[in-house]
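You will see chain A twice below: alongside chain B first, and alongside chain C after that.
Up next, the complex of A and B:
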């Protein structure tokens, strides 16, 4: 546990050092958020509410999606893959720590730093420039944070699993990119999932991806509560367990194939 | 003259080595190609699905949006393939690790070397998908073709390539001074392409004014599209607005070359 904590702390500090990069990233996120918001507002055609969402909700949605990109890191993460290709994996495997936990620890620090620097800041900027929705009660805030953390765990175990492809092929970048595009498309990042035709939404819910961004958005905006909320949380936990199990199986098979070239 | 042919020959050789390298891992290339193609198809696919419910965006139907989207994607993909060597994050990395210094020392044209340093073949995926979407738009829309409109299509395409190519060069020049804040360039390149895929009338004044008077991207695709699709101009620009694309592109590109030369004169190696 001590080791876990230290690794997280290091990863957290590493994120804090890139200050100019953080500012540049924030500007980009905010700009893209404004573009997305403009498109959504145009879609409303002056209606005050569509599929249970108001215009204020829609604007908040763009802030939430932009604010969770860095935190969830759902669309690009090649660190395990890179460590396999550089050979760093050999020394990482010797560490007195489960390989999954070794990366989980670092991602904890990274995610927490991103939450503060690129999540909270975006929402504050949104609150200053726009009229936004906020959770209405303490229990809703708690539910939001719980769903947010579970969303991150889904994202991490999915990213870890995808990166393991590096154990099988010397250039797994294409496979990983394809996998990340799927999660980008089906997570409700482009448009709120409830704006899509029902058959498409059903298709998305066969994957873990709606339980990342879309779940976070819906709980924050108060679009789900009671039984539906419990259902989301249970589904998130189930997906996390399944993805971790798949990662463990893949990792065991992968390590057996791994050859490190000396030099 | 002989020197120029030599540079072109060098460029050709560098590119062919580059492409052969990318085709070595066939499976990975195929996945990469599919991934890049999928981004375009899925992004447009979701707009099309959304429009089943909402009908139009700012008065533009799904095929009119497809025209903007297909043109922007095809042109940006083409630019991104040819100008990959200037891609700010990639070029910035070269400056940082010092391999740009090696280029400066070689007795070969610098520009040919940078253009030849990277040629991302998988962008073909984006280009092909973009052109398919554009073709669908052109066949499904009932466009009243005239000689002017037909000539405008290739001109708009080339202007977009040159415009975004210029932005890549400006971004690459920035890396002579800063590596860390390079992501800001994405705002104008990736942000710019995403923005022009929708009618400009939907954006708030601050964004639209910026992209009209400071970085005039509005003339590259939105105004030509209004003219080609016979849509009224909600912003009330002079009647010449649809024909400004090539001039704006040349102006940005010239500016990029001036900035590049200025940056190069003051370039100091990181020394590491």
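Up next, the complex of A and C:
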């Protein structure tokens, strides 16, 4: 537990030291947020509501999605893969620790720093420049944070799983890139899933992706509550358990392979 | 003393696939997978007793690292038995690695972008080392390994020698009874080598830590290890005391003679002429057969001699002969 805390703290501090990168990231995220907001506004064509979302909801949606990019490492996260390719994984195997927790701890610190530096700041900027929606009650805020944390756990465990491909192929980077791009569509990052045809949405719900960004957005905007909300949370927990289990199995197999083939 | 490491008929074979070249190469690789077998470790047996400091010597590609990786649980043997401190290294690795120390020279266990001291602090939590024990060890190693000047430097900015010292410190903070070092002096200058050797000797003598170190540098072994294991092509060629190796296999002393004139033929009894260059001649002889003075008397009785020199066999030559002539290889 102490180790988890120390690793998180280090990863948190590391994020704080990337000042220039944080500022550049913020500016980019905000710029693209405004761009995306104007596209969505044009899409509304003067309608006050599309698929249950108002214009204000749509603008808020772009803020939320831009704000989660860094928090969920939405564009890239190849750290485990790199450690396999550089052989650092062998050094880590010589340490008495759980490899999954080792990375989870670091991602906790990284995500928390990103939440403050890149998530919260973007929402504040949005609140200054636009009229945005906010959760209407304490329970809704609580539900939002709960869904947000679970979304991060899903995100971490599938990123970890995809990275493990490096144990088998020298081309894991390509595989991971593809998976990340897939996740932009299926998580509702590029457009709210509500805007897609039902067959595509059904397809998306066969994956864990909608339970990341789409779930976070819908709970924040108050588009789901009651039973649907409970359903989302349960599905999130189920996906987390499944992905962690899959990660453990893949990790074991990958390490086994390394033990036989050598690094 | 009980054995702390037992290795019996250990083998590690790697299948190496041949890759086709050219445009269609990748396609052909899919279908034909011609492979060859590399016997990196080939039937090795030995025992190490608690408190020993053993050198594992061999040229590049001999199988040293592969052996050490199996001993530390990073590799599973193709066949054979390894018991270290009553455990099988690759089974339940997390438990096992908590009780050993290991440094692989080419790779650091520390975190690349963290200052050394922060890496060491993290290791305290990874190994769950009690505060007082950690401080005590750190203070001692800081002084012996002279870490203070770079404790706050990120690992990536360290020189090779500094990094090695930091890594060795890192491997010992949790009080392992057993330390594996893979090429701890590789690429270091003489001073840096010496500092590390002294430290290894110190922890072996003062703390009773059993050390197995690999090296291709004979001077490491000469200075440090009473016992040496020589390995080449995956096979153990010699296991014993270094000076006995000298007596058993070095054997040949050299007599270098400079004659007054260029004799057409020179005959010696009890020695072999190995080199002749004008008036200069090298004779190999073995102490068991003839003494140096007998040989000199014999020569000076027949020839006029300007100068003489007796050279003792140096261990480097001995070991090169062992590698090259495979002197010690048992017939299969």
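We adopt the following convention: the second predicted complex is superposed on the first by the 258 of 263 C-alpha atoms of A that agree within 3 Å, B and C clash if a C-alpha of one lies under 4 Å from a C-alpha of the other, contacts with A are read in each partner's own complex, and residues count from 1 in each chain.
Convention: a residue touches a chain if its C-beta (ideal position, glycine included) is under 8 Å from a C-beta of that chain, and two chains touch if they have at least 3 such contacts.
Because the structure is a prediction, the values reported are computed rather than measured.
A.B. asks: Name the contact category of A:46: first (chain B only), second (chain C only), both, or neither.
C.D. replies: A:46 sits against neither chain B nor chain C.
A.B. asks: If we overlay the two complexes on their shared chain A, which of chain B and chain C does A:226 touch? Say first, second, both or neither.
C.D. replies: The answer is neither, since A:226 touches no partner chain.
A.B. asks: Where does A:198 make contact in the superposed view: on chain B (first), on chain C (second), on both, or on neither?
C.D. replies: neither
A.B. asks: Looking at the overlay, what does A:178 touch: chain B (first), chain C (second), both, or neither?
C.D. replies: After superposing on A, A:178 lies in contact with chain B but is clear of chain C.
A.B. asks: May I ask you to decide whether A:91 touches chain B, chain C, both, or neither, giving the answer as first, second, both or neither?
C.D. replies: second
A.B. asks: Going by the contact rule set out at the top, does A:10 touch chain B (first), chain C (second), both, or neither?
C.D. replies: second
A.B. asks: Using the touch definition from the top, say if A:2 reaches chain B (first), chain C (second), both or neither.
C.D. replies: Touch partner of A:2: chain C, not chain B.
A.B. asks: Does chain B (first) or chain C (second) touch A:23, or do both, or does neither?
C.D. replies: first
A.B. asks: Which chain A residues contact chain B in one complex and chain C in the other?
C.D. replies: None.
A.B. asks: For chain A, which residues count as touching chain C in their complex?
C.D. replies: 2-3, 6-7, 10, 14, 87-88, 90-91, 93-98, 256, 258-263
A.B. asks: Applying the document's contact rule, which stretches of chain B touch chain A when the two form their complex?
C.D. replies: Where chain B meets chain A, its residues are 25, 27-36, 38-39, 42-43, 46, 49-50, 52-54, 57-58, 122, 178, 180-184, 186-187, 191, 194-195, 198, 202-204, 207.
A.B. asks: So in the complex, which bits of chain A are touching chain B?
C.D. replies: Within the complex, chain A contacts chain B at residues 18-21, 23-25, 27-28, 31-32, 34-35, 38-39, 41-43, 45, 169-175, 177-178, 181, 185, 190-191, 195-197, 200.
A.B. asks: Looking at the complex, which residues from chain C come into contact with chain A?
C.D. replies: 14, 66, 69, 72-76, 90, 93-95, 97-98, 102, 104, 107-109, 113-114, 118, 121-123, 125-127
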